[in-house]
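Here you go, one structure.
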Amino acid sequence: MSLTAPLRGVVPPVVTPLDADGEVDTASLARLVEHLVGGGVHGLFALGSTSEVVYLTDEQRATALSTVVEAAAGRVPVLAGVIDTTTARVGAHARTAAKLGADALVATAPFYTRTHPREVAAHFRQLRQDVDLPLFAYDIPVSVHTKLSAALVRELAEDGTLAGLKDSSGDEGGLRRLLVDLGGREGRASGPAPDFSVLTGSELTVDAALLAGVDGVVPGLGNVDPAGYVRLHDAARSGDWDAAAREQERLVALFAMVDAGPEAEMGRSSSALGAFKHALRLLGVIDGGATAFPQIPLSADSVDLVARCLRAAGLTPGR
Amino acid sequence: MSLTAPLRGVVPPVVTPLDADGEVDTASLARLVEHLVGGGVHGLFALGSTSEVVYLTDEQRATALSTVVEAAAGRVPVLAGVIDTTTARVGAHARTAAKLGADALVATAPFYTRTHPREVAAHFRQLRQDVDLPLFAYDIPVSVHTKLSAALVRELAEDGTLAGLKDSSGDEGGLRRLLVDLGGREGRASGPAPDFSVLTGSELTVDAALLAGVDGVVPGLGNVDPAGYVRLHDAARSGDWDAAAREQERLVALFAMVDAGPEAEMGRSSSALGAFKHALRLLGVIDGGATAFPQIPLSADSVDLVARCLRAAGLTPGR
Amino acid sequence: MSLTAPLRGVVPPVVTPLDADGEVDTASLARLVEHLVGGGVHGLFALGSTSEVVYLTDEQRATALSTVVEAAAGRVPVLAGVIDTTTARVGAHARTAAKLGADALVATAPFYTRTHPREVAAHFRQLRQDVDLPLFAYDIPVSVHTKLSAALVRELAEDGTLAGLKDSSGDEGGLRRLLVDLGGREGRASGPAPDFSVLTGSELTVDAALLAGVDGVVPGLGNVDPAGYVRLHDAARSGDWDAAAREQERLVALFAMVDAGPEAEMGRSSSALGAFKHALRLLGVIDGGATAFPQIPLSADSVDLVARCLRAAGLTPGR
Amino acid sequence: MSLTAPLRGVVPPVVTPLDADGEVDTASLARLVEHLVGGGVHGLFALGSTSEVVYLTDEQRATALSTVVEAAAGRVPVLAGVIDTTTARVGAHARTAAKLGADALVATAPFYTRTHPREVAAHFRQLRQDVDLPLFAYDIPVSVHTKLSAALVRELAEDGTLAGLKDSSGDEGGLRRLLVDLGGREGRASGPAPDFSVLTGSELTVDAALLAGVDGVVPGLGNVDPAGYVRLHDAARSGDWDAAAREQERLVALFAMVDAGPEAEMGRSSSALGAFKHALRLLGVIDGGATAFPQIPLSADSVDLVARCLRAAGLTPGR
């Protein structure tokens, strides 16, 4: 499905179910896509951070992306993360993603390196030139350890390099300034980059982000409760902000499942990813809750917390 | 004026006008208080970061606080910042502030030091015990370089140590989790800390923060346009979220005045504080735009930008 | 004692013994000064970070400094920390320190604020102009959260603003570049700032710093074993680098006492300061091991570790 | 050449010359290996950060490693960096490196992710189990954004997982504590991990690191002047610390070539890598000074600086 510009709506980053050998569980992944599309989402983001992309080999990345594209079957657009350290390596992923049928690409700035903003700009321009697909910049300082400046994003939006921004920086004030610079809630279409999509990676402030004028939301927790995020989104689009905020509050409470693994014993991302996967397993969507090595698995107590959060949010664990 | 619990509304951090010798310009400060109270604000926060508190000697702090208390004349409560490195020094400021008529105190965790959360908890408990005034925790990692955890804030809220939180952390997701833990938008009164006030220090996402359920907002830009923030607040309180967002967008555009000093030549806080002060000077509220030494003054070009931002936001510079 | 330029040798940051009420224990402090001077140190740094300066009220700072000056009785120069957030407040401490007989001042860049390097330069120049004492810049990013650049230090060394640098940045490579820029191990006297003193705050790499050409060392652990650091220094000055390294290794092992408080339960600085103080108590130098509120006291197990470290280093606990 | 334990001496990270198309210039790389081996180095580290490893595709990595292994021809051991985000991807590089003839592997902790120390330990243990080659941990927080704790390194040294540590953390104090824990300058052979090699990545404090007892040094600048680092090393090994320090000072001055690109216009690593490559070009060792895309090339002025630094250090540019 070709991407209409700008991309709008709920676009969850699709988790990658793994089997007992650590390989992509394609049957579970296909069921997850059905769960998401059935929940009403407007797009899918495969091979993102929540998809454990950086834990996957190139072959596993290809398997995961192909599975998502085939299962989506053109019903919603599929964005593909092309996450790697620098331009040449990202470009290789981008060419593969294009071949496998991705509708758009999502790339970060270089990481591991210390890269100047002018070099970051060259990086995105080269990627855009290499592969003829809409390109989203992925701003995720917790992983990349640099922040894309609003000035840089705007420059690359205006010159057509970028089709959009996935903002996982947590800098809501900076995001608001960018949105106003692009024309604001009502002036975007006549602004300097009318087709540019602004997406937030937040799970906890989606109502606020929609009030601020973002086009779409990419919530990891949307794997677990896509219908909840779609209700939140629809309430906001219809101007019923109180309903949106109530739904957001229910989802914030559900998000407490990520506290599952005590920080003293496992990494924060291991705990969040393990919680989402176990929730999907408990809901009967995927077969197992395993995360990629070397992430530590959730303990039984942590899985119990996940189950309690599901029930408290009105989601019935099926197994 | 005694503080009703919980504190709600618009509570600007009051800038401290300085004369040519770097001393507190009390006449200008009194006019600024009139400007703010006349704009409809619900409280005043003296001796905050925006007040350049850490640039002021103890005598200057006393002068500034006395002037604000006297000018406010009981019409709105006055919160006093008691900002210093550790408990004993903060306690001394707290006793002075109580004598000078402050209605509540605002304290950060210790800084310069490397202080453990259990030590931070002891710090706030000692301050609460030392001075019988409502105590707000001021979470401002950009200055203090540690973040107050939601668990710690909740513990100190539930046991009555803290009357509230001024959150300038920029972590909107974490703030939302805290608000939901405290009962959410509709359940706060029956939650674990019913009188606890949650205030955001953001200037750019006030509509979003109010949608999330904060009690009050402490915007530095509120010095320049208090009436704008009061309109934003009132629209939000009446449920007219679109009007709130439109007002927020106007204020976001106005905020561009802080870009005045190019980062290459002066500090970011110097540029923001200089912009607010020059805006107040241009609006005829205070006499001069000077910031405290060693902050570099705004250039003429920067002052021009401030004037353009004022005009674009519908505020007419008078001089 | 007036400061000969450049300052050279072992200059411990003097810990501040506290009594049961948290007040400065002047008798213990005077005995500590004897312990240090008796150990052969070449100077004393009062009111530094290791002195818990930011925990002390202005009165306590004055008491501590006076006690050190009087006990030193001109036998070695006394440097005084003038640690506070910004120029006006630091200047007040500087005037007091001058009155109380300090031989030199040690100041950081502004903190809590976000201050531009040009503003930092103005800060040091103003302090130098305000008080006629040699001024040392204290580069301690773990507390101040900015790093003084080598270019800025050199500028302020060459123009006579700074008499020296106390480098607690841990950036040994950067320090080496500065030393080479100033003329290197043999060319300092004919270099761009011949009287400029470079001091390292390290406890663990003093031999290496002396090999690199620093003039002096300011080791917190030097409170516990001044004679050890003097032996290390003398071995280095005489070119016996193997003896210096052996002594350094003994002191590195002694330093393990700072691991006393498990990080899970107290701040790192609380644990280091508590260990130094308990070591001095066990050695019979000071009366108590208390650190300033709100720092958590060492547990009995931690004190046992301190005692074991002392014995292993050949220092006999006397009580 | 099989690796004798522990690895000792000068082991430069070999830069990867690139041709006009951005491909590995194997002829230049082979000449560089001759330059290094001819300079007396004791080992070669291919595919490290200085080799621009994260800019290279898998094919380019293989080409570079094969070229180094063939050119070294068993005269010195070749360590191969296996730098990638997580275990599965690193493992794939490790298997390739083993096939291509590497004598040892150098791996970082996972990056991009937020990985717990227990997960990092599992990562290294899995890699050691997967490929039967000595494994070095590469501690480079500026790129990986976490620091390997001394406790973790010691645990993995004692249980035989790690053959050594390449420490590019800049934490010289922490490194000294580790060395003392392992037995110190004279007690390593009878310590808890007698065959464990400790290497420093520093270029500027090699004399100090050798005085502290490191086994080897991995200086990027060693590409330009291998003989200088070998002289430094030999002087230190023979106990002539003054000669070592003099040689170090010459190399510190030579290192100023990395200031070539003003930070305002290019990344720091671009400027350092570009300087090393242009120096090698000027010395007639490699054909071109290009760095990998998107790094900005050195300006003509910057290349002039490189030439001046070479001449000042007594190295004659040949072209």
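A, B, C and D label the chains in the order they appear, each numbered from 1.
The rule is simple: contacts are C-beta pairs under 8 Å (C-beta built on N, C-alpha and C of every residue); 3 or more make two chains touch, one makes a residue touch a chain.
Remember, it's a predicted structure, so these values are computed and weren't measured experimentally.
Both chain B and chain C are touched by no common chain. Mean C-alpha positions place chain A and chain C at a centre distance of 49 Å. Distance between chain C and chain D, defined via averaged C-alpha coordinates, is recorded as 34 Å. None of the residues of chain A touches two or more other chains.
Chain contacts in this assembly form a single closed ring in which each chain touches exactly two others. Of all possible chain pairs, the ones that touch are A-B, A-D, B-C, C-D.
The residues of chain C lying in touch with chain D in their complex are 170-173, 176-177, 180, 184-185, 202-205, 207-209, 211-213, 239, 241-242, 245-246, 248-249, 252-253, 255-256.
Every residue of chain D that touches chain A in the complex is listed here, in rising order: 22, 49, 54-57, 60, 83, 85-89, 92, 110-116, 118-120, 122-123, 126, 142-145, 265-270, 292-296.
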